[in-house]
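These notes are about the structure you will find just below.
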Amino acid sequence: MSRNSRRIFAAFSLGYALFAGAVMAQAADAPADLTPEESDVMTIDPPKPTWFYVDGGWDMPGTSIFDGETGKMKGMVETRRLADMAIDPNGQYYYVAETIWSKGDRGTRQDMVTVYDSKTLNLVTEIPLPGRILIGSRKNNFIVSDDGKTAFVYDFSPTSGVNIVDLTKKKFTAAIELPGCASLMPNPGVGFSALCSDGSMATVAVKGTKGDITHTAPFFDATNDPIFDNFAYDRAKKQATFLTYTGQIYTAQISASPTVAAPFSIQAAAGIRPGETKPLETNWLPGGRQPMAVHRATGMMFVLMHMGEYWTHKESGTEVWQVDVAAKKVVKRFKLKDPMNNIAVSQTDKPLLYMNGEKGEALVIDVATGEEKHKIEKAGGSTITIADPL
Amino acid sequence: MSRNSRRIFAAFSLGYALFAGAVMAQAADAPADLTPEESDVMTIDPPKPTWFYVDGGWDMPGTSIFDGETGKMKGMVETRRLADMAIDPNGQYYYVAETIWSKGDRGTRQDMVTVYDSKTLNLVTEIPLPGRILIGSRKNNFIVSDDGKTAFVYDFSPTSGVNIVDLTKKKFTAAIELPGCASLMPNPGVGFSALCSDGSMATVAVKGTKGDITHTAPFFDATNDPIFDNFAYDRAKKQATFLTYTGQIYTAQISASPTVAAPFSIQAAAGIRPGETKPLETNWLPGGRQPMAVHRATGMMFVLMHMGEYWTHKESGTEVWQVDVAAKKVVKRFKLKDPMNNIAVSQTDKPLLYMNGEKGEALVIDVATGEEKHKIEKAGGSTITIADPL
Amino acid sequence: MTKFNADAWGEKLLRKFAGGSSRRSMLTRMGAALVAAPAFPLLPVSRAEAAKPDRSPEAKTVFARSAQTKDETKCDYWRYCAIDGALCTCCGGGIHSCPPGAEPSPVSWVGTCINPDDGKAYLIAYRDCCGKPACGQCGCDNTDRETQLYMPQLNNDVIWCFGTTSMEYHCSTAVLVGAAS
Amino acid sequence: MTKFNADAWGEKLLRKFAGGSSRRSMLTRMGAALVAAPAFPLLPVSRAEAAKPDRSPEAKTVFARSAQTKDETKCDYWRYCAIDGALCTCCGGGIHSCPPGAEPSPVSWVGTCINPDDGKAYLIAYRDCCGKPACGQCGCDNTDRETQLYMPQLNNDVIWCFGTTSMEYHCSTAVLVGAAS
């Protein structure tokens, strides 16, 4: 390059103004039929029942939106480390509960629910919060009521409480103390319910800025056989399905006074001996971060299972067990090529299983055939959310 | 767990006050000789010549400090994505040039040099800057003068310039335009020098807030055979060593009017045909992100080399070639088990090579014996800096 | 809306508790006691078992059966029976020491781990070191008696950085607090 | 010290240039021309070669010899001869379209790539889509005629997000701007 061209480059660095002329000269060299392309920005549809959302977790600060049918990525919702995403049941917004320091990890702490338009994925607004828990891989720390009007944000500071957000007015409305309980589920017309360290379920009747807390009788052992806090809640049946470390399955009817049915053993439902808490008892056990999912219409539950001793509840599953919850029967066992850590299921007529593991590879499996429809590399390694529009 | 213990747990959640009493009760159960341990915080030595610093790059927001002798991690300097770290030649501080938005990737942009005490690794102060370039894996965008008094921060917005920081007063002093040039090296008593797109070297004589720019005659082809911008600068000899994509090695004497010696071919220095820019000519070529390092005392240069065609300059090296620069001879070739992308060498009597690759594994190799002294998993995959105290 | 600042709140409580001394020096003195605190819901369990603790191989978890007492930089070191994260011993810190520039959280989750040398169970406080980016070295995730979020003091996923100037997670220590039975 | 705001500066210039229209609509109209702009230092080279361009297999790089024209979601698609980053075509965007919520940078680095269907060389503007976290899909790093930082318009490591509301890098597009010879 000559001295002359360096001077041209110097001119370039003074601003944009000179660029267009230069490019016009360039464009003049092009064949007549070659039109320079223009840049634009895509929009997407509102959340569809076949879409699933994979949180990138600790390493990737975004939740990728995939179409389960095509395996294609549709877009990304920004979810920084330890953020929680929830989908507006009305399909208009994505909500992200997040905590941001003004200087990365120093400066001023800012807690908020950030609202994104579901079609443009543009930021709509930020709703400031007094706080939220910092933890990864949890579905039930940030939940939206069935009608989409209220969000509940779990806080732990280390006092335990819930911050309530009016999503219609887009503002924080109340902070309610919730001693000894966490892991939220909606309780339509009442407020929310939660699991507690004494083995009970708490129900919080929200009245304005106050919460009236009642408890069921204790029904599980939170120390020795805990319920996985990533449980499933069914909006249509107002039913929660719980799974314990040993493999006990509970269903709870959610109301002002929730009732919990007697549990059954997933291993017994498969015709083998029930899981136990004792060491040296190797058995099939549930495990993972998000170890279970329920298909609403059919009442089928899908559980990540591995062989091991007790206290291996974070271990990835080598099989998925399909449980007919009403019949208390394991009706199918899917063998997995790679161990999987999170599982979700589409609420479609022909359900698809979505899974990912430590490697961050997402898997789409057809429940009917067991066929692997898609394997998506670098999809993300954390929580999987499904779209379930009203 | 009983109802009673749930109430205790509720009390727990009200604050810290109750904790101590409970623990005292607990401690009373302990054997008499068991003293509960206390938490404390370590300090470290100022930078030592055997230490090396591995930038975690895109995925890990920290630069880990390792001792090359022991392979042990000593601590970490916070370097968020696209930050650049420099070490105070006097050993008192670590400097990080970084860009932080007030809300992660939105909000207000904040550019600064952040100063950390080298013994406590505590933040000392932040020096605001008008801007800096956003790019990863570059050694020469943030440099400190040989006496440790001045820092030069390259900016590209997309105008090209350098921001000057007085490290003694800890304040920004001047922004100097640097059209068509980048990749800085100190120029003691003058200011700094840089490489330019016309193939020349620019020298900027800094006078107060002004810079007087002069250029050498063009000596390399920036378009067809560029010099890797991660070149080496030797403080003692005031000498820069440059390497081009084809493998030409230049040395430049840095002064108010730098002089550049005639280059030689690294391949010819090894007794094989020189590298070429033509396609279909497979040969040993230099490559990587930080493909070369120079050991000051012995004048030995270490270059990551791979077999390939031209325009494979980012490819990791499968060998390290040791070049006696004065003798223009390749005196040793080290075969690597895994391809490596960045290389540095300690400025000690018994030099150690430090390398890492795409996997983020760091390697410590003894130059004298070729022996692999340490392999450190998850050390980080980006730029390697060495400690080189005055 | 006034901004609730968890850090300030934590610090205020801690200062009050420490009689106005600086947070760091208070922490040095009180750290162990404070951090062990969330453990107390364990007490009923521990005491119930204390009558006749069964430390036979048959009563030990997989972790306890293979734990070692020599190398604090390995995941199978006995104190790490419920640790999750990077070992501070690999990050420039120690078994109860934060690496330079990091800050120990005054509260933590806890584990009850068996020392194979004496067969006894000890209460371990897993104090996170905070305020620096994730160390990246020696990642471990052991889960003996690790429970879920509604019992946070036994959950190892929570970022246990309260009352520190920054809540960024760097690494975890395993502080011996007392005998568990 | 007054704060220099690169984004505001970029936008001001762009607005001036576009006669006061909004940045986005201006971008839609002017985008291609603006983004191609940094390419002009290429012109002397391109023109010198234009007299008798050698597009024979012997003159083609490794990339050009094996490039394909069918699948825009693969690293060996012909336009990607000097791309570095995630392909927007894999991220919910297109070859010249940003995924939803991302914003194309009005300036970019460029490549000169050979289309194997006609053997001709074209100027490609690699416009980064900005304002969202790294997409993570289809990471490519092709380096035909890619140079170093002192020639930034030919360097593919720079975060090319100028004049956008956020400089966070999401993915890269490969926009056909014109014939290179």
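Each chain carries a letter (A, B, C and D) given by its place in the written order, and its residues are counted from 1.
Rule of thumb we're sticking to: contacts are C-beta pairs under 8 Å (C-beta built on N, C-alpha and C of every residue); 3 or more make two chains touch, one makes a residue touch a chain.
If you're wondering where the values come from, they're calculated on a predicted model, not measured in any experiment.
When the C-beta pairs in contact are tallied for B-D and for A-D, the bigger tally goes to A-D. For this pair, subunit A with subunit D, the centres built from the Cα atoms lie 34 Å apart.
Separation between the centroids of subunit A and subunit C, computed from CA atoms only, is 28 Å.
For subunit C, residues that reach two or more other chains under the stated contact definition are 38, 41, 45, 107, 132-134. Annotation for subunit A: residues 1-2, 5, 9, 15, 61, 78, 80, 105-106, 158, 160, 180, 196-197, 222-223 touch two or more other chains. Annotation, chain-chain contacts: A-B, A-C, A-D, B-C, B-D (touch as defined at the top).
Against subunit C, the residues of subunit B that register as touching in their complex are 1-2, 5, 8-9, 12, 15-20, 22-27, 29-31, 34, 36-44, 56, 60-62, 64-65, 72-76, 78, 80, 116, 119-122, 377-380. Those residues of subunit A that touch subunit C in the complex are listed here as 58, 82, 99, 101, 105-106, 109, 128, 130-131, 133-138, 141, 154, 156-158, 160, 171-172, 175, 180-183, 194-197, 222-223, 226-229, 279-280, 308-314. Those residues of subunit C that touch subunit A in the shared complex are 1, 3-7, 9-10, 38, 41, 45, 58-65, 107, 131-134, 141, 143-152, 154-155, 157-159, 161-162, 165-168. Interface of subunit B with subunit A (complex): residues 1-3, 5-6, 9-10, 12-15, 59, 61, 78, 80, 100, 102-107, 110, 123, 158-160, 177, 179-180, 196-200, 218, 221-223.
Across the complex, subunit A is touched by residues 10, 13-14, 17, 27-41, 43-45, 50, 90-104, 106-107, 123, 127, 129, 132-137, 139, 153, 170, 173, 175-179, 181 of subunit D.
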